[in-house]
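Letters A, B and C name the chains as they come in the text, with residue numbers starting at 1 for each one.
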Amino acid sequence: MEDVQNSEASPAGTVSAELRAIVEALIYASPEPITIKMLCKLLSDEPQEDVVAAVDALKADYEQRPGLQCVEVAGGFQIVTRPELHEWVRRLFHERSTQKLTVQALETLAVIAYKQPITALEISDVRGVNTSGVLSTLLERHLIKIVGRKNIVGRPFLYATTKEFLIRFGLRDLGDLPKIGDMAEALGFDPPGGLSELEPREGLLPLAEGEAQVDPPGSSTS
Amino acid sequence: MEDVQNSEASPAGTVSAELRAIVEALIYASPEPITIKMLCKLLSDEPQEDVVAAVDALKADYEQRPGLQCVEVAGGFQIVTRPELHEWVRRLFHERSTQKLTVQALETLAVIAYKQPITALEISDVRGVNTSGVLSTLLERHLIKIVGRKNIVGRPFLYATTKEFLIRFGLRDLGDLPKIGDMAEALGFDPPGGLSELEPREGLLPLAEGEAQVDPPGSSTS
Amino acid sequence: MQDHGFESSADAYRVKLDSFEGPLDLLLHLIRKSEVNIYDIPIALITEQYLAYIKLMEEMNLDLAGEFLVMASTLIHIKSRTLLPRPDPAQEDAGPEEDPREALVRRLLEHEKYKAAADMLHDRETLRGAQFGRSDSSVAKAAGEAYEPELEVDLFSLLAAFRGVLERASRRPQMVLPPDQMSIEDRIQQLLSRLSETEACGFEDLFADGDGSRGFMIVTFLALLEMIRLKLIRTSQTGSFGAIRIYKRARPAGAPHPIGDPQGA
């Protein structure tokens, strides 16, 4: 293990083989995508740039693995099987491991993702239908969460997406969502001027990474 | 993926890259060590010797992985972290378990939020299980604090939620906590009857001088 | 791209009526079907078609949500406004009048955007669902402890947790305390009156007057501890494992007040 033979293939051959080994083991072992911050915390003796270089080297390394890949998701890294092999892997599991979301749930989630934090009424306004049933499903599946109450009459709950949402959809962070303006072309409509583009308002999400104890200053969640 | 660069290093360069990719993905994702027999069953179109050769090639390949290895266990194959790196993995799990909010912690927090101020014994009574370990997690995370002692024999500490708790949950004050009935209406909850959410505070003693170790100045719960 | 169950392509004519999620969906479908410009909706035509669908849905006894009817009235309202004579173009100084259809078009476009976003999320979900992680068993040995996921903390999970507690509590058989259980306060009074008779007695003697039950022993012992805290008694022992003697003592000035004492804190 100390002597990594094909290190010349990696862009960061300077990183010690030991550090790469530890980083690989940690990314592998972590039950959820592991952040650079967490890696640095565990490897407190190593300069952050070395940790980053080790992760980069590993990512490049995994480009060449036949069946696996290293993906960046929800601000962290994870080793997963290559998607094109999914039919083979699925045979290992008898029942479908994850339930697909309904169109309703996806549309509601899309509205929340782009307009968070948002109230139930505002969601219903955009969608033109009542959404409370879908919200409880999304809450139970931890894809959205209540981040507070809106300071208006009735103090309605404000909803936002969770880290689980990022993980489920393979997004690095909310900025990884496609710009909604880009979609207008896909729709075949020419948007007239005056239709404001919506962007995820990350600034309004003090609780998005509620468990932010893992996030280093300067580590990128956004 | 189709082109495995360092295949010349493997003793079984004849095995197709695709087969090796599938075998790697299967070993990686299998919930338990996967046997040759199982692999052959899943890959029924492949001759058994090719499957064996693919596994051998993979094993040789993993000799060169920095942090992982392919081991034979209980008659099957499994990809695991290298034993000399186990200490790092343990650290990772330890780090996570001291920080994370578990079901236990969340339940305890919920009981405190709705029934504060409350003693540890009362919390355990409501939950039906001992709670003491979780309280320190919540104290460390500044979600709860000691607000006094109860005026009963033994003068036990009384716990309440903190300002940090309010911020974390996006609440203006404790009156903002949803009533169980609110949620029932909005989201289809079914509250059990007979149990009141908030009880009048009785028997609250102020902390003596020098006891206020956990209570930040100026923080107020309500 | 596979069929996601969306009615987002213009040639999806054969639409099941109950597949419309809401009035905006239905309206978009009609606009596409008629191949008209969304920025210049022939409102009379579309309103007519919309109402025909509503009627059909009613005939089929589909559960017609109120939103469909609200939209119907909105359409009728817009239609009536477009039929009104336009203001004299000579009096344009009041600014160009807003097209009554404009607000509707904005809503339709907005809705369509989020449908496209949902479509994108669906693709992401599919791709992500094709990626498999390692098994838990493969790190169990190295980790040395069971994996318990960190919970998202939000009001919903907090309330759900509380609900779980309440439910468990309501299922739990009520703990029945022996009805003759004596309070610690009462026991203190008994022990004090007993000590005032003798001034001192042996530790074991204090436990002698009850029924010998476990509950009685515990209450007596707790009472004893409390009395020590309140400086009501003194204890002394003659060497390790020697006999313990209990003495009544005069209450010092700085002693804590007993529970419930009005002079107490």
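FYI, a contact is a pair of C-beta atoms (placed from the backbone, for glycine too) under 8 Å apart; a residue touches a chain by one contact, two chains touch by 3 or more.
Treat the numbers as computed from the prediction; the structure is a model and nothing was measured.
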If a chain touches subunit B and subunit C alike, it appears here: A
Relative to subunit A, chain with the most remote C-alpha centre: C
Between subunit B and subunit C, centroid-to-centroid distance (C-alpha), Å: 19
Centre-of-Cα separation between subunit C and subunit A, whole angstrom: 23
Euclidean distance of C-alpha centroids - subunit A vs subunit B, Å: 18
For subunit C, residues that touch 2 or more chains besides their own: 132-134, 136, 139, 142-143, 147, 149-150, 153-157
Where subunit B touches two or more other chains at once, by residue number: 25, 28-31, 79, 81, 85, 89, 92-93, 96, 99-101, 168-171, 178, 187
Interface residues, subunit C side, partner subunit A - complex: 4-6, 10, 21-25, 38-39, 65, 67, 71, 106-107, 109-122, 124-125, 127-134, 136, 139, 142-143, 147, 149-150, 152-157, 160
Residues on subunit A engaged by subunit B in the complex (per definition of touch): 1, 4-6, 9, 17, 20-26, 28-31, 34, 38, 41-42, 64-68, 79, 81-82, 84-85, 88-89, 91-93, 120, 132-133, 135-136, 139, 146-149, 151, 155, 157-158, 206-207, 210-211, 213-214
Complex contact set, residues of subunit B against subunit C: 25, 28-32, 78-81, 83, 85-86, 89-90, 92-94, 96-97, 99-103, 105-107, 109-111, 113-114, 126-128, 151-154, 168-171, 177-178, 180, 183, 187, 189, 191-195, 205-206
Residues of subunit C that touch subunit B when the two form their complex: 132-139, 141-145, 147-151, 153-159, 161-170, 172, 184-185, 222, 226, 259-260, 264-265
